[in-house]
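Okay, so chain A shows up in both of these, paired with chain B first and chain C after.
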Partner chain A sequence: MATEISLENVWFHYYPQTESREKWAIQGVDLIFQQGEYVSIIGSNGSGKSSLACLINGLFIPTNGNLVINGQHIEDDQGRWELKQRIGMVFQNPDNQIVAPSVLDDVAFGLENLGVAREEMQKRIPHVLELVGLSGLEKKEPHHLSGGQKQRLAIAGVLAMQPDVLIFDESTSMLDPDGRHHILQLMRKLHLSGKTIIHITHQATEAFLADRLVVLNKGKVMLDQNREALYANSAQLTNWGLDVPISIELHQNLLAKGWNLSHRIENEEQLVSEIWTYM
Partner chain B sequence: MSKIVIGQYIPGNSILHQLDPRAKLLFVFFFFFLIFLANNTATYLVLYLFVITIILLSQIRLSLFLRSIKPVLFIILFTVILHLILTKGGEALFVTPLFTIYEEGVRQAIFIASRFLILVVMASLLTFTTSSLDLTDALEILMGPLRKVRVPVHELALMMSIALRFIPTLWEETEKIMNAQLARGANLDSGNIFKRLVAYIPIFIPLFLSSFRRAEELAMAMEARAYRGGVGRTKYRMLQYTYKDYFLIVIFLILVLVIGWLRV
Partner chain C sequence: MDIHVKNISYVYQKGTPFEEHALSDLSLSIPHGIVQAVVGKTGSGKSTLIGLIAGLLRPTTGSITVGDDIVTAKTKKIPFRSKIGVVFQYPEQQLFAETVYKDIAYGPSNQGISKEQLEERVLQAIGLVGLDESLLDKSPFGLSGGQMRRVALAGVLAMEPSILILDEPTAGLDREGSEQLLYLIQTLHQQKQVTIILVTHQMEEVARLANQVVVMEAGTTAFTGSPVELFGDRKRLERFGLELPSITKLIDKLNQKANPPIPTSLFELGHLVSHLENRRKGSRS
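Then we have the complex of A and B:
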């Protein structure tokens, strides 16, 4: 299955009746996400990232404009409900998205909601627990898990529903470096398996792991570029209150000084080793 | 922390642990009526014998039962004293200017204490050998028919399960906030009751606020996982009766017959 998401001139207001122009959370966004893309959405606090995420999977209804999935307008409750299966969402706080008192039951929660047969659940659950690295913890109570493990449990719960698209709304921001690393690796793995990954973050370093970056500011799309293009002039990120990763800044400056480094740097370690060999 | 055990489930693999929670729940429910049929020494002895047998079968330490009796000890004592003083009949055993204790009073007091004791021990046996999650499931299924009269059975069960999930989390959070306030010099356990209540306000307010935020986020996460109420839902957890559970019916019938025959 493939899911192509298209937002057509989407506007969103939390309290549309009050109509104050300032308070539009999303203002005329046009975006298309193809199946299998790895996209980061970055923006400062209050830029509308979470609102956009909720619009994409039908948690919120656009005040104006359309959500179109594979050419079909999503208009009614049933349509939005079906979307929940195709587009999974992982939130920021690992604690507040685990429903059930045990790991196993929590993974089952989404499947129960979809009305999946029990035999099918028994096949899917061990598989996703394996995938996120929680095998053996089936009987554990969620409050005995680490933050990173809880977040992986949340991912397992979503993956069991077999979505085409996964949205991560700052899902790494409350984790320690180890937990964060785990989740980022998992995103990569899922991307390679063909899922669309939409990673919302205000960490530029994490955003640059994606192939495409969308910059959001005050509810508008400021920039929508592939990694290479933005990498080459990342300084502009500061316009919207975002940091430029130090490694990128350094890399760019060294290139400008005429250092003979490769133009694509994946991470800090690679940069360090390139500088090392150059010197 | 985590010393609070909700439902006080004691994991194990005894025959009582293996029974279906619905069967246990029903058994204990009907057993409570049976207790009220007992009315002489013979019938109470039968009940005691039965309870002692299943305590042994449960493989649960006796001290745990004693601990669960402790909170109701006061009520038991109170009713015992009441019966001792107020019940007349038989020989006068102990005469004081204020009251007289009769033979019948002693008998009634012992019976009533036994009744309480057996009730508490049976209820503890149920919660000791059944996880809260199993109990919730059992309740949801057994109450199922009430759906017809618009009791939101599924929602109640889900609420219970969410409560089970979040009580430890909220407890941890309470401790964190308490420590933070203590570190700032809050004084939580001195002064009169009013002063103490006031001292707890800075703990409850942040706790309430964060619980509301939690509830909101959880509701959103549930909706994102396609939750839309109980309609059309399947269940992962499944309960299954085995021959052991049917055997409970036999045991119960035997108890009814024996007690019915022995009582006066």
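Then we have the complex of A and C:
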């Protein structure tokens, strides 16, 4: 199935009565996510990434503006039902998402809510627990898990629901290096199988795995570009307090020292070869 | 205050069907004033270990010495708890007050300082973590993830502990916030000789900051040594499920065309830049 999400001049605030518009969490965002896209959302702390994610998955309703999914406004019952079926989100803090008394029940809970049949659940649950590396911990109480184990459980819960669109809100922030690579590979695989991936992250190495990057600052979209274009311009990300690929930092530093390198670097290989040529 | 962890084990929910042996026969010495990094896979026991050092848990067997105080399974009151500041893995777990200001002020307000000193400590702490002053009157629960992290950090810093334990403190911080924190760790270490125990999955942080690093594996230490030693043995690193810092990966790429190779012990971008500058000047003269 295909899910197209469209935000039209969306504004959002937690307490609209009390604060002036410049303080709203989301300020006039226009974005379209087509089925099958792999997008990273980056932005400094408090720039509105999680608020935007909660709007996209229907947890929050825009204070002003429209959120349209496959042509349905999400204020309609039909629209909200669509959202619930099709969009899954891994929350920034897994504790906000974990509800059941055991790892197994926690994954099952989401599936029961979607009305998935028993036999189907029995297939999906062991599969996703395996995928995130939690096999063997089925009976454990979620609040007795380690920090990274909780994060893995939150990911498993959403994977099991098999939504069209998966939103990961900093879901790799507490994973060990192996675990992180594993989940990043999984995102790529899901994307290749046609899912929409929206990945919120602070790490440039992770963000630049996506095909498209959206930069948020103070509730507004500052940039919305494909990977190649943004990579070449990524030095400007520092302006918003954001992480920059290390090769770009090195490039900037060498330019500042007067090295005669191309001003536009498209990838690491180009930088490496230019450095040795210039020597 | 040196820290000595001797042959400890720790069992969660002992005597129930859910019994979990989180640590076994672990020993570790952390000399006063160093930056000690703790790395290792999910579930390997990092948070449990620091919970024990911080005096929040008691070892099932073995002992923990901090300065002159010793803690074993039988110790009733843990004497050093007040000297140690801990920032938990999930900051929400330590926020509790009505406002950000009250949250940060809570710790130092129990240290018998004047009202003026208290206010100064709070303002200084929010400056150190780069938290906007306009957030002081907000509820700490009405904040973004990274803002909560900063409040939790500020609350602990305001107590000026002589041992500071940070459990994955840059998770959720933006680049500016992480850089600020890493700089702060360096300053506390160099200027105030604060002992810092840093649990992290970010190898850059280990490379840039740590004097000593321990790799945890299945509840015990699999390696103790310097970052240069850890990152020097690539095969072993992979076996631990760890990775190279991104600067080392870049140097590896540069080295495919370099003779002699660039030393892989350069962990600061500035040092790499100087190295390349010197080489260029050398090749031109």
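Operating definition for what follows: the second predicted complex is superposed on the first by the 208 of 279 C-alpha atoms of A that agree within 3 Å, B and C clash if a C-alpha of one lies under 4 Å from a C-alpha of the other, contacts with A are read in each partner's own complex, and residues count from 1 in each chain.
The rule is short, and it goes like this: a contact is a pair of C-beta atoms (placed from the backbone, for glycine too) under 8 Å apart; a residue touches a chain by one contact, two chains touch by 3 or more.
These numbers were taken from a predicted model, which means no experiment stands behind them.
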item	value
Which superposed partner A:Q149 touches (first chain B, second chain C, both, neither)	second
Which superposed partner A:D243 touches (first chain B, second chain C, both, neither)	second
Which of chain B and chain C A:L114 touches, first, second, both or neither	first
Comparing the two partners chain B and chain C, which touches a greater set of residues in chain A	C
Which of chain B and chain C A:N93 touches, first, second, both or neither	both
Touched partner set for A:Q85, first chain B, second chain C, both or neither	first
Partner chain in contact with A:D30 - chain B first, chain C second, else both or neither	neither
First, second, both or neither for A:E141, with chain B first and chain C second	both
On chain A, the residue positions that both chain B and chain C contact, one per complex	93, 95, 141
Residue numbers on chain A that touch chain C, as the complex places them	14, 43-46, 49-50, 92-93, 95, 133, 139-141, 144-149, 152, 170, 173-181, 202, 204-205, 238, 241-244, 246-247, 249-250, 253-254, 257, 259, 268-269, 272-273, 275-276, 278-279
Partner chain A, residues of chain B touching it in the complex	132-133, 161-162, 164-165, 168-169, 172, 213-214, 217-218, 220-228, 232-238
Residue ranges of chain C in contact with chain A within the complex	12-13, 18, 20, 39-43, 46-47, 89-90, 92, 142-147, 149-150, 167-168, 171-178, 201, 203, 241-243, 246-247, 250, 253-254, 256-258, 269-270, 272-273, 276-277, 279-280, 283
Chain B contact footprint on chain A (complex, rising order)	54, 57, 59, 81, 84-85, 88-89, 91, 93, 95-102, 104-105, 108-118, 121, 125, 141-143, 154, 157-158, 161
